[in-house]
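Below you'll find a set of structures to go through.
What follows is a pair of complexes built around chain A, which joins chain B in one and chain C in the other.
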Partner chain A sequence: MFSIGVNYLSMADKTSTLSVRDEFVNLYLNNLDLITEESSELMNHYREEAIQYFRLLGIPSVKNEKYKYSKIEPLFGYDYEKYFAPKKILFNIDDIFRCDIPELDTHLALVLNGFYLPNRANKITELPNGIIMGSLAEASRLYPNMFKGRYNTLAENTTDGLVAMNTAFAQDGVFIYVPRNVVEAKPIQIINLLMSDENQLVQYRNLIVVEDGAQAKVLVCDHTLSPKRFLSNVVTEIFVGRNASLEFVKMQNEHNDSAQITHTYVNQQRDSHLVTNTLTLHGGFIRNNLFVTLSGEGADAQLYGLYLTDRTQHTDNFTYIDHAVPNCTSNELYKGILDDQATGAFNGKILVRRDAQKTQAYQSNNSLLLTADARMNTKPQLEIYADDVKCSHGATVGQLNNEALFYMRARGIGEREAKLLLMFGFVHEVIKKISIDTLRERIDDMVNRRLHGELSRCHNCLMHC
Partner chain B sequence: MLVIKDLHAKINDKEILKGINLEVKAGEIHAIMGPNGSGKSTLASVLTGRELVEVTHGSVTFNGNDLLEMAPEIRAHEGIFLSFQYPVEIPGVSMVNFMKAAVNEHRKYRGLEPLSASDFLKMMREHKELVGIDSALTNRSVNEGFSGGEKKKNEIFQMAMLDPKLAILDETDSGLDIDALRVVANGVNKLKRPDNAVIVITHYQRLLDYIVPDYVHILYNGRIVKSAGKELALELEEKGYDWIKNGDNA
Partner chain C sequence: MDEKQDKILSDVTGSEYKYGFVSHIETETIPKGLNEDIIRMISEKKGEPEWMLEFRLKAFRHWQTMEMPHWAHLQIPEINYQDIIYYAAPKQRVSAEGEKEIDPELKATFDKLGIPLEEQKLLAGVAVDAVMDSTSVKTTFRETLAEQGIIFCSMSEAIREHPDLVRKYLASVVPVTDNYFAALNSAVFSDGSFCYIPKGVRCPMELSTYFRINAANTGQFERTLIVADDDSYVSYLEGCTAPMRDENQLHAAVVEIVALENAEVKYSTVQNWYPGDKDGKGGIYNFVTKRGICRGKNSKISWTQVETGSAITWKYPSCILLGDNSYGEFYSVAVTNNHQQADTGSKMIHIGKNTRSRIVSKGISAGQSNNSYRGLVKVLKGAENARNFSQCDSLLLGDKCGAHTFPYLEVDNPSAIVEHEATTSKIGEDQIFYCNQRGLSTEDAVGLIINGYAKEVLNKLPMEFAVEAQKLLQISLEGSVG
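Then we have the complex of A and B:
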């Protein structure tokens, strides 16, 4: 059972005539003591500048080209409870949440509404092989040298008001450090739980460092555990060292009243490998910004994404790959299925700088629309300044293949089942890129059930979200 | 078993079938020959329920039931099987999942429980041997990247798995090498029983050397213009279609 001091503030009594921007600047100013108290000096160091940028940039509107297909402002139109200290919970978290991926043995980090949930009162876990994982605020106190020079160096506070807002407000999150040459086969799993009796705005921050020659797999799962409205604004910074490799799987599984905006920044050194897999299984509104900078020669990035949306759900993936140096490779494949009135967007930007000769960059985005009302906007953006490069992009938005459907029906497979098989086949191309076998099988199963119309929540999870 | 009466059908307002009459009884093998574009595959499409083809007149009954009323999957469950002239590639759908779904839906229709995973794999193994299809193929996505001949073998493999009452082989011989042709034909012959029937659509006598038809029909311009015994195929091989086209269809 957890029992942590409560420090709770509501914004409901604020005058509603203020703009969202002013509202949050005031919120910041009025609560600065609380915000800084529950965080760390190193994190606090960046707040002042960040709030100034936020004051300048505000919440991105659809006039902002980058956010053209995602209306962010209305998300802030609800009343959210905001609090600046971990909330007291009067039950054992194990009783309500158990991740059920059979045989998936992971190093587990739990985050509740943006605050790291201590593992038997330990805010930091050090594994025998030297891997450090735990609370970001705590880590910045205990390991300032690992923290400095990394935290807030990738996040773009100066161009995106949401990022600046996160830097100003985020107090905690997860820190993962994989030391030089440590190869960890067991995935490190971060489970973000959202649970509250009130609508909740959650802003937290993650920092992941995979040192030279190290190898790690990180799995991030998001779950809403209560039916309230949640808005998450999350920034994650990731450093992949020389010859290091990281597989980063993000599984988004939230209810229809939840909104999630993620900003993930990756910096890759020479000969490093990155595989990201962004799996949007369920969620009301999702916007993922993924920035990858290939800053050392021979670096390779594979970005995969899957989105399954129905009803009025919205999923928008924005990716930006910066080929900053020669001889790097990147490959992107995003696929999704949109049903009912669902909307989606994919905006894939690839920048190949003047010096980045011998770059190979491939991108493709394929979507299936199951109804005439579903809509998908796909926009590749290649900016190439080098001349000796191989780049390609392709995007398709289509319907289920009628010839294939007939072929299957002619074999006795009913129309519904045939469609499901086709849809599953369509997205499997992305799922099969997950290297963690038990996870891949589980995702297969969850996707299958999702396509059958069931909520893709885990068996053992007792919450009905 | 199958009775087609004065069948007319069109595709996009163009009449393709212009009054087909044909009866196939259990135990029989019928060959349908005829020039390109005469309507052979269209007839197969009508029998399997492809929506593109619109029946404008006539009737088709299968074991006494109105076939045209049935959805394609029901026709399959009732025992109709088409070996496609152009088998469709289905990326991402494995042969195993595809066949498992097909076999189990057939079983469900007959009120049987789904096969266990091991029984199913055993069944796959046994039938693969029949047509000499490689395991490497059945581990892939349906028809994806299969060669022309491999696709045709795969059709016969599926036929063996589903054990139909009426099999329609639409140019299954095209694309097969000489050895594969023999293997496939032997497969078909092994599956032949007094209670099932086969319609073989082909351009060549060669296949009919192995699968010997009881009747040969010539389909020309949407009509069956001549029906006779197996000797008709030999005659066609020798003379071509000109004597038919010239109206000498006595």
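Then we have the complex of A and C:
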């Protein structure tokens, strides 16, 4: 059906007893030419320092408080192929993939195994209203001014080995630029496709800039198109300018052998608005790190998350909201249902810095455990150094309310149906925050079917894996 | 308004620590430093049996392999463990008739602290074990208690006279290898209280231990063990103070509680170690391991603490809920002012079926202090129908202090219901305004609001302590408006 270009290299010899850390450092050193060749000078500029930090930090272990509930190390125990140049594909992507939300009209950006997939050979698309979207590598060559002072300024290379690794290895990804005062109603959709006939490690990088007064909606979807083992390590940096607004929806829908670690950093200027919605419907191992810095007064961040996990899936959401200046507001709501042997974790931290007075921050995490083997760890945290603030957090772990169940059953609703209704009601609170109507309806439907145990994931995929 | 508030705040921060005096008592000390010889010396001084020495040496050898933990949200200066005197005891006086008697100066000290050592003078219904530096000075009401079979004595005495009980329960809740400070304590602990309540006995009076650090350059390492046999009940109080000194002193205690079937133990602490001066100089480092185990069915352990003192507090009274239907409670008010730091909270480990726990923590930070709540609620797989409710509120008085909440919830059973909520705020202007309008001065209004805020915890204290604690709150914070 498709063939692969010859441009791939396998990992360093497995015969040696090198640690994962050394293996990757060697991999980097041995392939430095290939990595830098396909990339721009601007991106290459940060690699050397990043690999040094990676050498220092390594892959985080569970002894790292931040990764206490997620075992990252075993993920690197598999053999992965790593590509340092885009694969040549000899098929039409439209034949193999159709979006789950057919009615949704979007500006589409496709990424295949970490490399931007050109739209009719155009690596950059410029919309009439000035919005630029396209390949990160290409954009960094064409628009260095937009990158300077932004690229790699938010990513925490110095504290997280995985981020440093991404900075060292990432060659491409998606770049989105929304110019000043441009209001785009049509969502911009990034679809990350993973397809390979080998196990594969994918590391790419996104940069999203929403200039002052601009408004945009970005939807990120992840799909696996072949039944191989995938490990993605993705860093996204987002800049929201003064008075700008961004809605960032992430839909994670991958198969059970895939693992995804995302690091999303957002910097918000004065009076800006941010809504993020992280919807984890499917995926073997998922770890989302979301860092939001409110660096201008009056900024507002709304973080929502939903995770529906079953079998042996693992979902770990780590959020960090930094109230660096006064008069900002943040609100966070993460909800999830865990079935079978699924495990989940939530770590939410709100930091209110000294002098960040008049801060209002709320955080809530609610989880339902459906079986005896499901497991949830939650760690909501407040770190507050200013006194005139209103901050609260709450966390619950429990099961469906028996009285509510009884109420419904007394009215002739079967037990299974009643449970599903309650679960749906439980998660709908998160879904209803999505402002894109067609998307919300579609997700409602997907969640509904997901709860009914029907695999909504592969519905539109021709692979039927 | 603001100026007035600042003035009130500075009045508060300037308030004197009234237990900061030093008593001039002849004290017997051993050389500074920590090694196996010192441990042998402590053991010998206390006339301990061989097994106890072995216990200490084992702990010490393990301690040497450990590293000081750094995970707490605290700034701890380097502690030189070789620069501490591990044993200091007031010299025993012998009267003309050849009987042991208490140094009048020592008695005066405790009188001044409000802890009279003569039984007739005591508040009715409280038996006291008074500990000065490394040794127990006097335990009151022993005979009355003995009539009911209750053993209440110093730890050293218990090791000599009730070795079977001590061997059975010592380190059964906090193993010697548990953590850095527990290991250190196990190696060098010098005294403490031991209490055993026999089957079916409801202890007729409050038992209490009063800890006093007096000698300079020493550390206090005491160990308390409370065993409540089937169907028994005991309420235990603990208080502590220390002189004002410029250097820091280390206090690393271990408290173990064992509650057997249907037993109930209530442990209350009013911790008022010297907190250091307003520039953060001096004060006690209070690194304490407190843990209880509800070993029997339907047993109950309740921790209540009012933490106002210490330069640094690092303390997590915990309950292991092993027996079915057992119940653990933790009520805490932690106040930090000036440069004090506190990282405190509780652990509730649910193992048995239908176990329940409740955590209510109220933090109040003022000055440049940092106050953290850190807690763990863990529900193991077999803990059917476990139930936990945690509430952690923080009040900030002033814009240079910090209040933090670090709860951990680990749930491994679907029938468990675990809830946690936390809020952080300051006293609202509208609340003050409301009180002002009704004729209360701002200072009184703040006192009223803080007392109301902490009431849920203060109500859990035994009467004698509640009054004391309320006063303490008033002294350390009255009128401080941010």
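As a working rule, the second predicted complex is superposed on the first by the 450 of 465 C-alpha atoms of A that agree within 3 Å, B and C clash if a C-alpha of one lies under 4 Å from a C-alpha of the other, contacts with A are read in each partner's own complex, and residues count from 1 in each chain.
Note that a residue touches a chain if its C-beta (ideal position, glycine included) is under 8 Å from a C-beta of that chain, and two chains touch if they have at least 3 such contacts.
Please read these numbers as outputs of a predicted model, since none were measured by experiment.
Undergrad: Once the structures are superposed on A, label A:Asn122 by its partner contacts, choosing first (chain B), second (chain C), both or neither.
TA: A:Asn122 sits against neither chain B nor chain C.
Undergrad: Based on the superposed arrangement, let me know which partner A:Lys379 touches: chain B (first), chain C (second), both, or neither?
TA: So A:Lys379 only meets chain C here.
Undergrad: Counting residues of chain A in contact, which comes out ahead: chain B or chain C?
TA: The partner that reaches more residues of chain A in the superposed model: C.
Undergrad: Who does A:Thr153 touch here: chain B (first), chain C (second), both, or neither?
TA: In the superposed model, A:Thr153 contacts neither chain B nor chain C.
Undergrad: Touching A:Leu369 in the superposition: chain B (first), chain C (second), both, neither?
TA: After superposition on chain A, A:Leu369 lies in contact with chain C alone.
Undergrad: Taking the superposition as given, does A:Asp387 touch the first partner, chain B, the second, chain C, both, or neither?
TA: Only chain C is touched by A:Asp387; chain B is not.
Undergrad: Please work out whether A:Gly414 is in contact with chain B alone, chain C alone, both, or neither, and reply first, second, both or neither.
TA: In the superposition, A:Gly414 contacts chain B only.
Undergrad: Help me check something: in the complex, which residues belonging to chain A touch chain B?
TA: That would be residues 401, 403-404, 406-415, 417-418, 421-422, 424-429 of chain A.
Undergrad: Going by the contact rule set out above, which residues of chain C touch chain A in the complex?
TA: Chain C reaches chain A through residues 71, 73, 381, 394, 396-426, 482.
Undergrad: With touch defined as at the start, can you tell me which chain A residues reach chain C in the complex?
TA: 65, 354-355, 357, 367, 369-372, 374-399
Undergrad: Inside the complex, what are the residues of chain B that reach chain A?
TA: 48-51, 71-73, 75-77, 81-82, 84, 87-94, 97-98, 101-102, 105-106, 109, 141-142, 158, 162
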